[in-house]
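Several structures are given next for inspection.
There are two complexes below, and they share chain A, which is joined by chain B in the first and by chain C in the second.
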Partner chain A sequence: MSAPFDPTASDARELVRTALASGAAERATGAATTSDLSIDEELNLHAIGWESVELVTGYSMFSTPVGLWSWGQGEIVAAAQAHANAFRMAAARISDEAAAAGAHGVVGVHVERAVHPSYTEVSLIGTAVRPIGAGRVPATRVFASDLSARDFARLAASGWEPLGLAVGASFVYAPRRTMGAVLQQQSQNVELANYTEAIYSARELAMERMQRAAIDLKGTGVVEVKIVEGPMAFASHAVGFAMWGTVVRLAGSSHQNVEPTMVVSLDDAALAFDAATLE
Partner chain B sequence: MSVADQSGDARSESFTSGLSVSDFAAVLAMGLEPVGLVQGFCAMQSSSYAVGSLQRNLSPYREARGYVENYQCPHGMVAGEHRMWGQNYEQYWVEETWNQGFASASARMLDEATRLGAVGVMGVVDTQSTLAGAGVTEFHFRGTAVRLAGTDSAPSTPWTTYLSGQRLLKAFEAGFAPVSIVTAVASVRVWAYCITEYLLGGGGISAWSQDASTVEIDQVVRAQSQARALVRASARAQLHGDVLQGVDLIATQHEYEHGDIEIQCLLRGNRARRVGDFVPLRAPDATVRLS
Partner chain C sequence: MTDHANDLPEATEHRLEELEHGLFTSDLSVNEFLLVKEAGFHPVGLVMGSSIYHTGIQTRKWSQSQELTKLTEAMYNARELAMNRMEEEAAELGADGVVGVRLDVNYYEWGKDAAEFIAVGTAVKAEDGVSRRNKLGKPFTSDLSGQDFWTLSQTGYAPQGLVMGTCVYHIAHRGLGQTLGTTGQNVELPNFTQALYEARELAMTRMQDESARLGATGVVGVRLEEKSHQWGSHTIEFLALGTAVTKTGEPVTLAKPTTIISLDN
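After this line comes the complex of A and B, so read on.
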């Protein structure tokens, strides 16, 4: 019979030998779990008393009317609605899957989104997590967060909690210039104010929507905000601005200061081979 | 001569390894030693069904095996080109092709490892590439076979893992022993019916209405969701109570023609067995590097 597995063994060789012997001799006894977290993230998660439960997904695709992107003024409302609806439905589905698995939240959500001329699609993949051994909660209380498990652990150590994903997007027409303006500006270095104003307009609307979503979730802020902005590849006179992040709020009465230790790395091997040192 | 018979005597006198120097050092610290860079190949040709040649209208309702959903046009006969029916279906023959490719290439890699007396194969890398035109896929697995230093005992089937070096050691420290890599594939085909076709093309929900509202494209959403569910169920069926860690789930979509969409989900991860009670680590120290 092999020696019992001792995770605190200081000798890595002994630890590996007993683990391999136990793994070969024993059958799995617990519930199967799936997770896209790295082993580092699993350890970070366990260090704060949470565990992974299930790999979960959410997907949605919403149509946008034909001819939407070519001519018009102001915001392209239907495109913004399609984006918001696709995110909302995908987030609801990933939360439903997590709740069904007995999880309290989803961390490390990979957000993939694509805006096409006639539809917008959003795909979310993440790992459902819960405090170790905790019971079920309703889907409405399950959070989805694009924070990594490491950042989720840091957030918890600081006394904060994630509440969900907040998204804001806007698509705005850049008005076409008159033929006279085109000819007049052709030989000048000149700002195209129509594009500048369009991107500012899209940005304001997107930020307003994302912050409104954060307030609706009863959050106090949004962290790790990602931004995708610029002209639409398939429409020369439309610009888009989309942003999303994780809504957070204080879980306790006050923020817990993290006091990092300063470290200086002494192994700067690259210098020994850096050609610049020969100059 | 079988694929695995093509190794020479030089292997008994030296070892090969795909490990980085850091991982090599970590392997030695774990009491393991590399014995060979082992590989497995398999080239699979898919049937003609799998490469998009099956034309629409050939079979309105396919054999009911796996996931199938039918969609019926609400308009009645409008025109010859009108898509009066639609279908989502699981392409089990595609999944079988991939599963056979995975299994054969993986088994050949393991066969090489077994011949070397290995207890496991770490740092596995798998790739799939197209060979000789459409319909032929090459499956390639490679990894570093290792054995316990100082012993000749080896299990009949070595364990496999995508992890290597320090990350594998961390898994051991966390109370897990590697069992095997897990791969799974799900393939779902969408043949759009009229409503889906209109919506994908920017039409309104009520055909020809110029409806400016946005509508969820239910048929595609169902197909995408089912593909993700199928691939996870296939992976879960391989676990037998073990855990699956470090999963990489890749969903791709190919549109052969308007409204004829193939969705493929590929999943891979590390099956591991808990061999000790969970012992939480203490909360890690936060550090800031000064450079």
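After this line comes the complex of A and C, so read on.
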């Protein structure tokens, strides 16, 4: 069911007028803004007194030694270092770019990362934001967050603030099973302890690193943690575990309850009926 | 560590200690986070359990419908291992429960029949300090999202545990005679119907048995998944998965739902 947006509805007109008014104020100071936020998100931002400034990016690529993935024992330290460095540099660059544009933070950061046999790359793209009217007042600290502008606004309304991205990654060799073990286990239900342990140690190291990063940012929590785990596509005897999320802390004195209203959507039933299926 | 039954790696315990000192991690979205807070809980940490498991081999008869008990056991044991490890982590954190549990099976290039079973969720603790653990004294587990968790709490029910039942079933092929006999006809295929019924019933019954052990009064959000994994088209795993709930006895004022018509889509 799709209803066209009705720009003549009284509440919609009011919202658009507010949005345009603040945009006009921005143009008066001479700087045009770019942003990949949707109109809804722009309105959400304005509702909590923030505005978008510019689309900013951070990118970094770190090489890893040749033959790194071929064989070994324990953690593949150089791979984890390359991952951490690439992330750190990319995050620093996107924050620097945002600071240069006079922003106080970056929201909706798209995190793209790829681990290749010979290099690791991290690319971050997001929209720099600042409190309306903060102008060129330099921020004491510029945060970068992969939360959407909508989530950022909702967190702010509940008294929380994002502090930055925390990431942790680790790559570990899984010991090979002996030929005898492979044959013996062929027809059995059995846990493969070598892989289970490799995944666990990679995961522990990754989590510990992410937590350390969050504590260093003076956060009290990490939300929307994403996990990418499993054997490396190009080296199945090595397992990787990477996780990242946005570090948050309570900005005010206490958590503000959101007090949600329960609603019943009528959309699904209408969608479920498709006259074409009767033919 | 005084609990000897606990087989968590040492590094895990160290990391969990860090979480006990105030920092939380969570894969909840912002909406879910706020709703979990709204329901009176605070996230304490992302918890996970995993097991890489090799499933054995069981011969199937081409023309016979039967449960493949060895494979059923494998699918069950491996999931139990993952779930129990996740629960242990939550218990270590002093959590009352785990919400938003995802239970996945991943196949990688580790050789045939080896799969990764993984359970991930966010451990939560009641903010009023009253224990919300289940009848067995363990943290409750639930695959309900933060949204569903809040809604459930509004109705006066509390989750007790993620319950599951599984059944790997081989469905007989039809013989040539049967196939020719039904060509061109509208006719029910009773052997297929019956096999699917039986397998589903077995999975559902096992799930219900688990919820009975938890003293639950119901199972909500049940999903029935049918997957062939890597066994070919006639061998199917039926997995029934849901959250067992009980009535808390706390007074409830049900919110009157507001009807809205979304302008999206």
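Throughout what follows, the second predicted complex is superposed on the first by the 231 of 279 C-alpha atoms of A that agree within 3 Å, B and C clash if a C-alpha of one lies under 4 Å from a C-alpha of the other, contacts with A are read in each partner's own complex, and residues count from 1 in each chain.
One rule holds in what follows: a contact is a pair of C-beta atoms (placed from the backbone, for glycine too) under 8 Å apart; a residue touches a chain by one contact, two chains touch by 3 or more.
Keep in mind that what you see is a predicted model, and the values were worked out from it rather than measured.
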{"item": "Partner chain in contact with A:S60 - chain B first, chain C second, else both or neither", "value": "first"}
{"item": "Touch count on chain A, higher of chain B and chain C", "value": "B"}
{"item": "Which superposed partner A:R154 touches (first chain B, second chain C, both, neither)", "value": "both"}
{"item": "Which superposed partner A:V258 touches (first chain B, second chain C, both, neither)", "value": "both"}
{"item": "Partner chain(s) touched by A:E42 [first = chain B, second = chain C, both, neither]", "value": "first"}
{"item": "Partner chain in contact with A:S123 - chain B first, chain C second, else both or neither", "value": "first"}
{"item": "Touching partner for A:R93 - first (chain B), second (chain C), both, neither", "value": "first"}
{"item": "Touching partner for A:L183 - first (chain B), second (chain C), both, neither", "value": "neither"}
{"item": "Common interface positions of chain A, toward chain B and toward chain C", "value": "5, 154, 258-265"}
{"item": "List of chain A residues in touch with chain B within their complex", "value": "4-8, 12-20, 22-24, 26-40, 42-44, 46-49, 55, 57, 59-68, 78, 81-82, 85-86, 89, 93, 117-119, 123, 125, 132, 153-154, 157, 258-265"}
{"item": "Residues of chain A touching chain C in the complex", "value": "1-3, 5, 147, 151, 154-155, 158, 182, 185-192, 195-197, 199-201, 203-205, 207-208, 210-211, 214-215, 219-227, 229-231, 236, 245, 255, 257-267, 271"}
{"item": "Contacting residues of chain C [partner chain A, same complex]", "value": "9, 11-12, 14-15, 18-19, 22-31, 33-35, 37-38, 43, 46, 48, 50-57, 70, 73-74, 77-78, 81, 106, 108-111, 114, 116, 118, 120, 150-151, 154, 255-265"}
{"item": "Parts of chain B lying in touch with chain A, wherever the complex brings them together", "value": "29-32, 119-120, 148-149, 155, 159, 163, 167, 169-179, 199-205, 210-217, 220-221, 224-225, 228-229, 232, 235-236, 239-249, 251, 269, 273-276, 278-291"}
